[in-house]
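Please go over the structures that come below.
The two complexes that follow have chain A in common; it is paired with chain B in the first and with chain C in the second.
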Partner chain A sequence: MGDIVLQILNGLDKGSAYALIALGLTLIFGTLGVVNFAHGALFMLGAFVTVTFTNLLSFERVTLSETETTAWGSPLEIREPVLQAWFGDFGLWLIDYSVLVSILVAIPIMFIIGVVMERGLIKHFYSRPHAEQILVTFGLAIVLQEIVRTFYGANSISQSAPDALRGMMDFGVVLGFEPGMVPYPTWRFVYFFFAVVVIGGVFAFLQFTTFGMVVRAGMADRETVGLLGIDIDKRFTFMFGLAATVAGLAGVMYTPILSPNYQLGMDFLVLSFIVVVVGGMGSLPGAVAAGFLLGILQSFASMNEVKEIIPGIDQIIIYLVAVIILLTRPRGLLGRAGVMED
Partner chain B sequence: MSKSNFSRRGVLKTGAAFGGVLAAPTFFTSAANAFTNAPGASSVTFGFNVPQSGAYADEGADELRAYQLAVKHLNGEGDGGMLNTFSSRALDGTGILGRKVEYVTGDTQTKSDAARASARSMIEQDGAIMITGGSSSGVAVAVQGLCQEAGVIFMAGLTHSNDTTGKDKKANGFRHFFNAYMSAAALAPVLSANYGNDRKAYHLTADYTWGWTQEESIAAATENLGWETINKVRTPLGAGDFSQYITPILNSGADTLILNHYGNDMVNSLTQAVQFGLRDRQVNGKDFQIVVPLYSRLMAQGAGENVKGIFGSTNWHWSLQDEASQAFVRAFGQEYGFPPSQAAHTCYVQTLLYADAVQRGGDFNPCAVAEALEGFEFDGMGNGPTLYRAADHQCFKDVLVVKGKDNPSNQFDLLEVVDVTPADQVTYAPDHPMFAGGELGECNPGA
Partner chain C sequence: MFGSKISDTTTLILFVIVVALIPLLAAPLGAGYPALMQFFAIFGILAIGFNILFGLTGYLSFGHAAFLGVGSYSAVWMFKLLSMNVIPALILSILIAGVFALIIGFVSLRRSGIYFSILTLAFAQMSYKLAYSVLTPITNGETGLQLALDDPRILDSARTSGQLPTPNLFGLDMNATRVVDVLGLEVQLNFGYFFSAAFLVLAFWIAMRIFRSPFGLMLKAVKTNQNRLNYTGVNTRPYTLAAFVISGMYAGLAGGLLACMDPLAGAERMVWTASGEIVLMTILGGAGTLLGPIIGATVIKFAEAKLSKFNEGVVHGWFDFLPDGLADVLTWVVAKFVGDGWHLTLGLVFMLVVTFLPGGLVEGARRIGGYLGRRGQKEDLEQLGSNVQGGKTTAAE
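Presenting the complex of A and B:
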């Protein structure tokens, strides 16, 4: 039983990342009608905002030793963290909490990246076929990841959660299990709750603000909203920036779970695209529901007991479920009529 | 009236024959030479086939640095590096048999098909007489097969699967790097001494040729100690998040996790295993332990402090104090500003060994090179006395057991050598079951 609860937690955790990326993906599709294959790259860029920010905070002053040398004969470098030297304990605290603090930096950076991407490239492809949109955004994703590789290399770069959030929580005790039956990393709970807050925030923004109401109206009938004198394009550009920010924040918080490398976005892109299709193209609740559903199914399919019955099921389960759902519900779980059906 | 010697049929025949010659791969039409890509009088070309993109691009970059350094040393530039310590004195810094060494590079992308395509291009278009490179056993096996068909020598870079010199061995292929069996044989006594002989091991294994042979080797070695293997779980290559594979370990009764992963997979699985508190657990009255059979410094950098105290094995380490290792570290460090990785070391050594074999044999013919390498005993390359065994073209030398350092003094000082396992303890019979199933075959000069 403990194993089942653990796999549900794994699924929720993995599903949180899928849902956050898919939410932005479907938001862009719903507003601008663009299939954005560069969305995974935005997740990766968010992660590298954290890497950069942590590197800046951990910046070291380098002095050359006058007495010691390296194995190859050059003077030994003596490194001292600048922040610690300047601010003492506060500097150390800042470095420890760099992942969480980098959220504040990532929000404006990712928003600007999203707006620049939309205004600079993607808007030129609104009236082009989806195949061309996919090609250009996929090309953009490759360009972005190669830029990151140039600066950061191909190896994964380890990022740590804050000390206070690095341990384990005995979740089983909450459910009445024996102590030690369902231990789970605290940071993964943090990630799940962070995802719930962000998803809730996006829904509340669209549901309860005038701006959100206009955007929803624009998603339903863009031309009519335009005829009312509302500049819907500006609002949709804002939504693109918002979607980029959500993907970026998902990447920021994921860095202690998965050490980022330049291919991080591609690993999530295909799965997130399937999540969108299963949830229903353009459906925000569908993307979230499908994200968590597929995350949990993927975790269960990885259980040894399941793999003994169907070997290799862990690698195909998401695609299998996608096929079954699309055969029985061609619009996806919560898809709207008329989307991508013309 | 003049009579033309041209007929329509004749022109067509000539055209077809000429077209056929042009269309045929170069290495099928080199009958004029005794072997493929015989070099000219002034230079000889090597093909360095390394991952320049993809997950192993950083390791590939380090390999390329080592190759370039080896070429410099062969051509008499720089301080000579390990040419000064190599027991064979055939090479004198004037190239090979009086020819200057040049090179071309290819990008394997860590994909077998891309690696074969780039190797083929270097052989057919650039006239490379020897192909070398690595970072993935799947790629090494694929390129080794191509080189056998093309009639050039393949000097494997970093490839650790038993299969490279086991069931997939080839007469034109040679491996200096150690293998999964040797890692297991070297690690077992250290694991026994530190963790005892009553352990329950759980394996997570990368699902491809290297992972399978690593799992088979280390499981056999630990079971010989008396350890019980609780489970062997295969994980897809590049899985990223391994949480769904790690959580079943928590209640499995295992007290040791063996991670048969390499590269980013190892970085992620180790990091996540530590996150899930495995190293803080007590199971069966013992502290839970993690073992990583194949370590590299570049991976250790990725995993950060999670590697502290974890045992593994490595082919070579820059902190070794023998004269040859220090000469190589000095040359590499002065050139690039940081110490070389084990991948760089094996690539550098392979280049020198090939050049030396040509020089000693007095011939670039791949079969003469193979003959010079087979059974060759040498020293002064950083691994102690070494034998290139004729039966399977595998090098036999000491193996290093390393541990993640608790208090690293700098960013490169991540692993410490805890034991040097003598070569005779990691030597096996050529017909050992883990290496059975393939034939070395005949050397192919490509003529």
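Presenting the complex of A and C:
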């Protein structure tokens, strides 16, 4: 029993990332009708916003000690983060929590990147075939990841979670198991919680605000909303920015789990696309459900017991599920009729 | 070549001449070495094959690299088990890739549009992941499949000596190169290149026949409006499946040829970005045209070989004539686009092409040609116009 709970938990963090990216993809697809192959790159950009921000925060000031000397007789160099010198303990706290604090920075940056992308490039591709949308965003993804590579190199850059959230937590105790049965890294739990909040926020925004209502109306029938005198394009641009922000935040919070490198986006993109297709193109709940489902399935497939029966299943389970779903339920799990069925 | 004015036979003859002269033409550009010229030919074949599927039917496959990888593996296995002769290796790689394409195509072609792309992508990623994990006995995992001295090689075991044999065509070594001096240029005539080039010409000819055949016309109809075809009672599936299999076999041939030039095969040939590269080549050159994909493949492979070699020192050399500060700034900027960063250039060029020139380089050439031609025609028209006016005036009189 403990094992099963553990596998479900293990699937949750990957599933959360899939769900967040897939949610953004679906938002863009549902509103603008654009297949965005650069969405993984936005996830990657979010991760690198954190990397940059942490680097900035932990900028060090070097002073020469007046009293102490090194073994060679020269004055000892004291390295001290500038923030600590300015703010003392609060500065240290900022550095420790840099991943969480960088969320605040990432939101405006990712939103602006998203809006610029939509106004600068995607806008011109609305009336063009889906194949060309895929191709141009694929090109954009290459450009974005290469830009990141020129500045950060090809190696993964590790980020650490805040001290307090770094260890393991005994999740089993919460559910009434023996202590020590279900050890789970605290940060992954934080990630899951964060994902739920973001997803809930997006749904609430769409469901309970006037703006969200208009957007939903636009998703259902763009022309009619336009005829009612609402500038739907502007709202859709905002939604693109929102989708970019969601993907970026997913990347920001993922950095302590997986050290980001410039190819991070491509790896996640393929999987998120499959998540979207499995969930049903254009269905937001479908994307979220399929994200968690596939994450959990994948973690079950990597159990040794399963691998003994079907070797290699952990590597291909997601693709296999996608193939089966596409062939048996062409619209995906929760897809609406008439979406992309040309 | 770019219009209907030139007949197919002339195009083919011109094509053969250009392909045969590549060693001479590429030498002044510094691209006349065997490995690169072989790439021109092999990736040309790959792009032609992809174009038969994408250019004609409009089905965008994002998993074509899988067939390339399968072809390579099959060829290397033939080298290991049977003989170093390339003929059985190529036959097997085409066949196996064809079988793979039949299976994947049969399943994937049940859906169209973006779903088809995702399905092919899923299958290619499955092949890639499996090649790395469970199928290690067949693929040798991360190391890649290589020749070994103790391979059985049933047919030429007698000839195996102390060193690894090289692929050959009835004794003619693929790596055999003769350097000829033409007007002070070192022209390298490599057997492997001419061997691949022969296949390129064959592939081009077959593609041309397909483009002009009723079968090709049917494929174009699928691209234009599949619904209408279905309504008129045509079952399009056999046609698209045939195109998919042919296209897969082209990729298998290309993979086999890659293994013939350098007998090793690795799973990284199947990763989805490799499939993306095939798409890039075809689009850059011009999807749906005969020559476009070959031009695209050549341009990309040439740029890859050239741009990735420049480093900051070389770039700084270009700007030496400028004042120091300006030269440093320019060097810093330009260096980002060459060397390791050449993918950035590729991505940018690709975006520009898709945005402004969806028909690729061939359409660009046609537009320039059309522009020049129109200027000629305009004068004719003006003359014609004045004649007509003249006629009117005479009639009025």
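Definition applied: the second predicted complex is superposed on the first by the 324 of 342 C-alpha atoms of A that agree within 3 Å, B and C clash if a C-alpha of one lies under 4 Å from a C-alpha of the other, contacts with A are read in each partner's own complex, and residues count from 1 in each chain.
Here is the rule we use: contacts are C-beta pairs under 8 Å (C-beta built on N, C-alpha and C of every residue); 3 or more make two chains touch, one makes a residue touch a chain.
As the structure is a prediction and not an experimental result, all values here were calculated from the model.
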_Going by the contact rule set out at the top, does A:Q84 touch chain B (first), chain C (second), both, or neither?_
neither
_One more residue to check, A:S259. First (chain B), second (chain C), both or neither?_
first
*Now for A:S58: first (chain B), second (chain C), both, or neither, which partner does it touch?*
neither
*asked:* Touch test for A:Q315: chain B only (first), chain C only (second), both, or neither?
replied: both
*Counting only touches as set out at the top, which of chain B and chain C does A:A131 meet: first, second, both, neither?*
second
*Please indicate which partner A:R149 is in contact with in the superposed arrangement: first for chain B, second for chain C, both, or neither.*
both
*Thinking of the overlay built on chain A, is A:P183 touched by chain B (first), by chain C (second), by both, or by neither?*
first
*For chain A, which residues lie in the overlap of the chain B contacts and the chain C contacts?*
149, 154, 315
_In the complex, chain A residues that touch chain C_ = 35, 121, 124, 128, 130-132, 134-136, 138-143, 146-147, 149-150, 154, 266, 270, 273-274, 277, 281, 311-312, 315-316, 319-320, 322-323, 326-327, 330, 340-342
*Sites on chain C touched by chain A in the complex*: 58, 60, 107, 110-115, 117-119, 121-123, 125-126, 129-130, 132-135, 272-273, 276, 279, 283, 336, 340-341, 343-344, 346-348, 350-351, 354-355, 358
_Residue numbers on chain A that touch chain B, as the complex places them_ = 2-3, 6-7, 9-11, 13-14, 70-74, 76-77, 79, 149, 153-158, 160, 166-168, 181, 183-185, 187-188, 256-259, 261, 263-264, 267, 298-299, 302-304, 307, 314-315
*asked:* Using the touch definition from the top, list the residues of chain B that touch chain A in their complex.
replied: 53-58, 61, 231, 233, 236, 238, 240-241, 243-245, 247-248, 250-251, 264, 267-268, 271-272, 275-277, 280, 298-299, 301-306, 318-319, 326, 329-334, 337, 339, 410
